[in-house]
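The next part holds the structures, each set out as structure tokens.
Across the two complexes that follow, chain A remains constant while its partner is chain B and subsequently chain C.
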Partner chain A sequence: MGKINDILSPFTAWKHLIREPLTIKKPLEREGADRYRGFHKNEIDKCIGCGTCEDICQNAAIDLVPVEGIETKHGDSGLRPKIDYGRCCWCALCVDICTTNSLSMSNEFTWIDEDADNFLFVPGADAKPWDNSEKGWKKPNYNLYNPNRVEMNELHPEERDKSFIEIVQGYSKGQALAEADRCVECGICTATCPAQMGIPEYIKAIRNDNLEEGLRILYDTNPLPEICGRICTHKCETVCSVGHQGDPISIRWLKRYIADQNPSEKFKKILGTDTIEQNGKKVAIIGSGPSGLSAAHYLALMGYSCTIFEKLPLAGGMMRYGIPEYRLPYDQIDKDINYILSLGVEIKYNTTIGKDITLEQLNKDYDAVFAGTGLHLGRSTKIPGSDNKNVYFATDLLREISLGNEIPIENKIVVIGGGNVALDITRSMARLQNQKYGKVNIITTSLESEDIMPADREEIIEGREEQAQIIPGWGPIEIEIENDKVKGLHVVKCLSVFDEDGRFNPKFDENIKNFFEADMIVESIGQGMDLSYLSVSIKENLEMDNRGRIIVNKHFQSSIEWLFLGGDIIQGPDVIHGIANGHKAAIGIDNYINNKK
Partner chain B sequence: MKEIINKIEKLYPISDFKQQNDKTALLTVEQDKAVDLLIYMQKFEGFKHLAILTAVDWIENNQFQLSYIINNPELKMDLILRVFIDREKAEMTSIHNLWEQAATYQRELKEMFGINFPNSPRVDKPFILEGWDGLPPYRRDFDTKKYSEDTYFPREGRTKNNPVEYMKQKLYPDE
Partner chain C sequence: MSKLFNIKEDRSLFPEKNEHGKIDIDLSSHKYLKMWHGPQHPGITGNMSLEITLLGDEVMDCETHVGYLHRGFEKLMERRKYIQCFPIVCRVSVPEPDFNEYCFAAAMEELAGIEIPETAKWLRTLVLEMARLASYLMWIGGQAGAFGQGIIGQWTNYLRDSMLDRFEELTGGRVYHMYIIPGGVRGLLPAGFKQRMEENLKFIEQMMQDVDKVMFNNAVFKKRSVDMGIIEKDWIYKFGITGPNARAAGIPLDVRKDNPYLAYPELDFETITASHSDIYNRADLRRKDLLLSIDLIRQIMAKMPDGGEIRAETPNVLHWKVPKGETYSKAECTRGEYGYYMVADGTEYPRRINVRGPSYTHAVSLLEKMIINCNLADIAGLMVSLHTYPPEIER
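Right after this comes the complex of A and B.
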């Protein structure tokens, strides 16, 4: 029996003749699996050219190149990844790390060409047949970096609403390391920082736990790190690539961490400024705000002898007299300033230019003059009733608080304004009201609706936590006065603040009215500069534009060649622009003095 | 599996036993008793098949981890034996006498991690790398990116741009 089977069984194979073959007739037309890692795709408008794909590529297969039609702007380098398929190993790490989630892979894997150089292209810019393919590898649901920011410890509203103790408590070492670990080191932030700080470098120093190196990187571009680490407007964080698919890196708090962790007595040793060779030249600086201090710092490092003339009893300008202590404690301002003073910078306090000494005299006594006198004059709404004695300017009140003087605190207060200064005075007075009356009754109203209020978002949130009422979107029309006493503020609905060209041109609906009761009103709608220290002859020679702004060159030199100006009167207003201006002016002054001889 | 473990933990220095699922378990064994345990598992517990021998570089602890995955075809069970060895003196007793195919794994580990298995057949012959005399490439201190850049870059027709420098030129041309 077995033998017959042995003879017949080979013939059973004949049945396969009529079966469908398992081999593929046209292997090049076979589609890859749904999640196959094939040629790259890039949503070119979503991509910001951060270069993280290039950095992570272990095969050096990716280059960032300029692409026609893509402009370099804040938050977008204008570069796009070009992939060399001679090197790509299809690992998809570039897709997995992509900060904007613009890069993906199609499932297309066949492409035949006789010229090897064709296998280099910019996905998304060089059109390819697979650009619209739905299938392929996409960013997985796990992350190669944590998209969520490490929470900052802050005082609870009930712990802080009666005191001026600092709210933000700073990162611990573990928190800072975890936060620094989220940075992809792309450096997109650097161009947006007015001082162009080496942000990825100092974050890397935190990761390497080398805080002395971190401090040196900070001082390369910013001599006020304790201050900026607390109250910088952190424009860098608005462009952070990690912010596209999560929270941006807490750049400001990380800067503060470096400054906080280095003890002030070690600064000179760490920064190598124990001895500075003097060059015998002298520079006068008017105003000890951020721009003046920054100019003094960088000039002192170059060997100049700097004297700062300060009108008020203490240094710091708006940083001390404009920003409340709960945001920026005075001892931290002192830490930054004392280091600059330790470089030999001298400050003459309570000295007003134009009164105690003239600008002309400074020109005679010094080789150059830098003025960073800031915006200290309050601006008025000029509505009926605004001339009443119970209507104040925010800047004046903030200065009085910092000077330690008592300010009038009434039962019901209305603040007009929607910027950070308005919130600073609101929250300061809420604290003082709480101390005095045990309750808060303060209304802050702005022209801008909530989505376009210029104040930082956290200021609005924290202000409300401290029981201030913030009511945006109203235009003040009249302050009601009865028997010379303030009764309240009449407002009408503000429909829009800016016109189509983006110019300030508010539109109101006069029929929608509101009335905020008050016995004290504070105006905080912007500040102006006080140039009374400039004599008539200097003013005549000083070139200004048609809006009354002083014209300076890229070194912040005015049309009067020995006079350099910077800070809020030129650019900003904020601390970091002042610092950047002061640094550039210091370089300009050095050039000017060297060319003079 | 539990009964087997109960038996062998009296005989061998094992730790960190973990039942991963019905079919897979892990344990760690001391280096000098690891081969004894493998022999025992092969001869007496029916783990006749060596599925794989591989390694992990724990550079932080200055150790290599060797993972022997052995299989019992009757019970349809896998056991992963982990052995930690010194990274500086990366050497382990060969098991090619137990499983012939181990020689190939050991040859691969010698080439890719630099872990030596003395007397393992052809252990010093190149496995997939030809003419390699640098740091074994699976060691974590091998800088793949640097190797790529040194070896394959620059290629004609390729240029690189650093976003930070490029943005500075474009946005602040005067500085």
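Right after this comes the complex of A and C.
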């Protein structure tokens, strides 16, 4: 029976003859699934050309290329991914890792073309029919790298509000490794850093636990890593590609980690600077701030004998006399400076150019002169009452605190200004008030509303944690004086700070008024430069622009060829710019001296 | 021998073997014919060839030749970061990419000490069973086709395609799914997936009844496959035979039961075995295994969590340094034990990855033994009955 069944049973296949065919008649018209990994799309304006897609692509199918209409700027390489469909394996890892979430895939999968070269294209820039397709592979709900920053250990407000102990504690090894692991090595940060520091490289050195290599990378471009590791304005972090879909990498804290973990006594050995061949040439440097120290460091490495002339009793310039100790401890400044001094750099303290020795004399005694004299003068609001003796400049008070001198601390203080210096003086005075009176009564007010206050966000938050009242968006109009004593500050509502062209041109609503009571006012609305060390004849020969700024070339050489200038006086207040200026000036000075006949 | 292949035993025609185990053939005697079977032929999925020596239409000697598919994946992976190996591994075995993805990811996770989320565990199990089902559907067409039944291949390849539709909507790809990423999986089930899958499974079950009638209850198929190409029980461990080839001989080798992984411990199933491993029984066992996969997919879809995390936190994949160590991770694929041996030296690149595909033993040494005395017309059927994929022989 079974055998007969085996003969007849196969004939049941004939019943399929009367069935509808199952195959698709027009397969090219079949739509891909919602998540299909089809042809690439890129939101070209959202993309920053970080190249992480290129890095992860195992087929080397992605190449970053310049694209017409896309400009290279801070935070944008100006390049966009070009995809080679001869190599692509459609894994979509490029989409999953995309730092800006600009790259995605459509669900289109048919593309017929007679020219093979057309299958190399820049998604988003070369228009394609699937550019507006809604369906296709999108970045899934997971991350191929950690978008969240490793929290930094900090002193709690109650632990720090009476003392100048450093707030930020620094990363442990585990924390630093975890934070360094987040980096995607795009290098957008390097392009933005004024000193072009090798940021991805030193972060990689942390990952490899090779901190000596990390230190060498730091010193390639920055001789003040302890200082910069604490108070750098970290322009790198503002453009960090990881910051587009999470927190930017804590580049500054990682730099500090490298500097902190390498003991100072080993620096010369690690950096290979035990012996430096001298070239017999001498350079004078005015001011021991970041630019002066940076220039001295790189010149010393080239074999120059450098002498720094410093007006104040200790070196560091604004880093020591403008930044409170709780942000930048003095022993860390000393660590950086002592290393530079160990290279043979000499500092003449308490020496004022123009008074103790003239610039002309320096020109005679030295082969070249670099001046990085900084912005040490305060600027006044010049409102009525601002000439009272109880109205101070923030820079003067900060300097006195650093010098260890006693400064007047009143019961009620108002600070005018919204920048980091204003917050520095606010938080310093708050500590001193707390020490003296056991409570804080300080108001900081600025023209800018809170969202555009120039101070770092964490400064504002921490200032408030320390009981300072920060009340932004008010314009000072008068300091009320009674019997030669300050009674308070009259302010009106500030509607906008800049005009449509982006120029400083504040607008006020005079009808909305406020009054902040105070016994003492501190002005912190910017700093000015003191160029009194330049003699009349030098000033006459020094080329300046129509706004009174000294003109220098790319090597910070002025129109007087032996005089190089850099730092805050040229590029405005910023440590890392100063360091970069000093480095470039050192190269310029070397060229100048070598070419001098 | 007579038991192996239903032929008349006349040893006088059979040439003697020399001390190297090879037969001495005098081709000028005009008694023998040397011919190449492959590299392109329907017997196997992929390219390999058999250099066979025939006496009449009976195979006297056979030497397998590989090298037509060598892509150097294992060496290539030593020059790729771990995450960059992820799109490569699926290509080792074309019809069943998912077992490669799973074994690679599992090896990495074991070395890195990563526990994947519960949802990912179930989704991985689902995808592996879907892959098993799709692969069997493709194989069954090959087995039938090798014995002249082209229609079965047309039916089951359509069924496989319908599974690929499910793969497409779940993973974003039809053939290379690239879904089991180290750390987890790449997506949850899309809306309505379970319902569409159930419709698919019902259709496959229905069609399998037709396959039963037309292929298995078929006098021609039985005549050509029963008692043909027998694998003896004592060959199993000697040749490293695994999977259905071993189970049909009565040895219940099934990694899903022997070393349970993913969600298999929570699934209710028994290892299917047979007592006589000839072509027919192996085919029948695979048919039952196929139906078991359908049952397992239903169980998985009923038991799996609906949402939740799909990928564990891992180091940044761009510079993931897998800790120093070595491991072997394995899974049960349609052809037997699939394994990845991974050596990590603590850098961002794997020091060595070795892929253990079951075809390596089945399609080379075992085939060379079994093919002797086989009729030329039965070679394709014999090869398919071992279910081999040459790409996994040459990684």
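The working rule: the second predicted complex is superposed on the first by the 579 of 597 C-alpha atoms of A that agree within 3 Å, B and C clash if a C-alpha of one lies under 4 Å from a C-alpha of the other, contacts with A are read in each partner's own complex, and residues count from 1 in each chain.
The rule is short, and it goes like this: a residue touches a chain if its C-beta (ideal position, glycine included) is under 8 Å from a C-beta of that chain, and two chains touch if they have at least 3 such contacts.
A quick note: this is a predicted structure, and the numbers were derived from the prediction, not measured.
Check whether A:58 is in contact with chain B, with chain C, with both or with neither, and answer first, second, both or neither.
Both partners, chain B and chain C.
Could you tell me if A:187 is touching chain B, chain C, both of them or neither one (first, second, both, neither)?
After superposition on chain A, A:187 lies in contact with chain B alone.
Determine, under the contact definition given at the top, whether A:536 touches first (chain B), second (chain C), both, or neither.
neither
After superposition on the shared chain, which partner residues are touched by A:120: those of chain B (first), chain C (second), both, or neither?
In the superposition, A:120 touches chain B alone.
More residues of chain A are touched by which chain, chain B or chain C?
Touched residues of chain A are more numerous for C.
Applying the touch criterion given at the start, work out whether A:142 contacts chain B, chain C, both or neither, answering first, second, both or neither.
A:142: touches chain C, not chain B.
Where on chain A do chain B and chain C both make contact?
Overlap of chain B and chain C footprints on chain A: residues 57-59.
In the complex formed with chain A, which residues of chain B make contact?
144-145, 148-149, 152-153, 155, 157-164, 166-168, 170-172, 174-175
Applying the document's contact rule, which stretches of chain C touch chain A when the two form their complex?
80-81, 83-88, 151, 155, 158, 165, 168-173, 176, 178, 183-184, 186-187, 190, 210, 213-215, 217-220, 222, 309-311, 313-319, 321
Which chain A residues qualify as touching chain C in the complex?
Chain A reaches chain C through residues 3, 5-7, 9-10, 12-13, 16, 22-23, 32-37, 52, 55-59, 89-93, 96-97, 137, 140-142, 144-146, 181-185, 204, 207.
Enumerate the contact residues on chain A facing chain B in the complex.
Per the touch definition, chain A meets chain B at residues 49-51, 54, 57-61, 63-66, 72-74, 77-79, 82, 84, 86-87, 117, 120, 186-188, 190-191, 196, 200, 554, 584.
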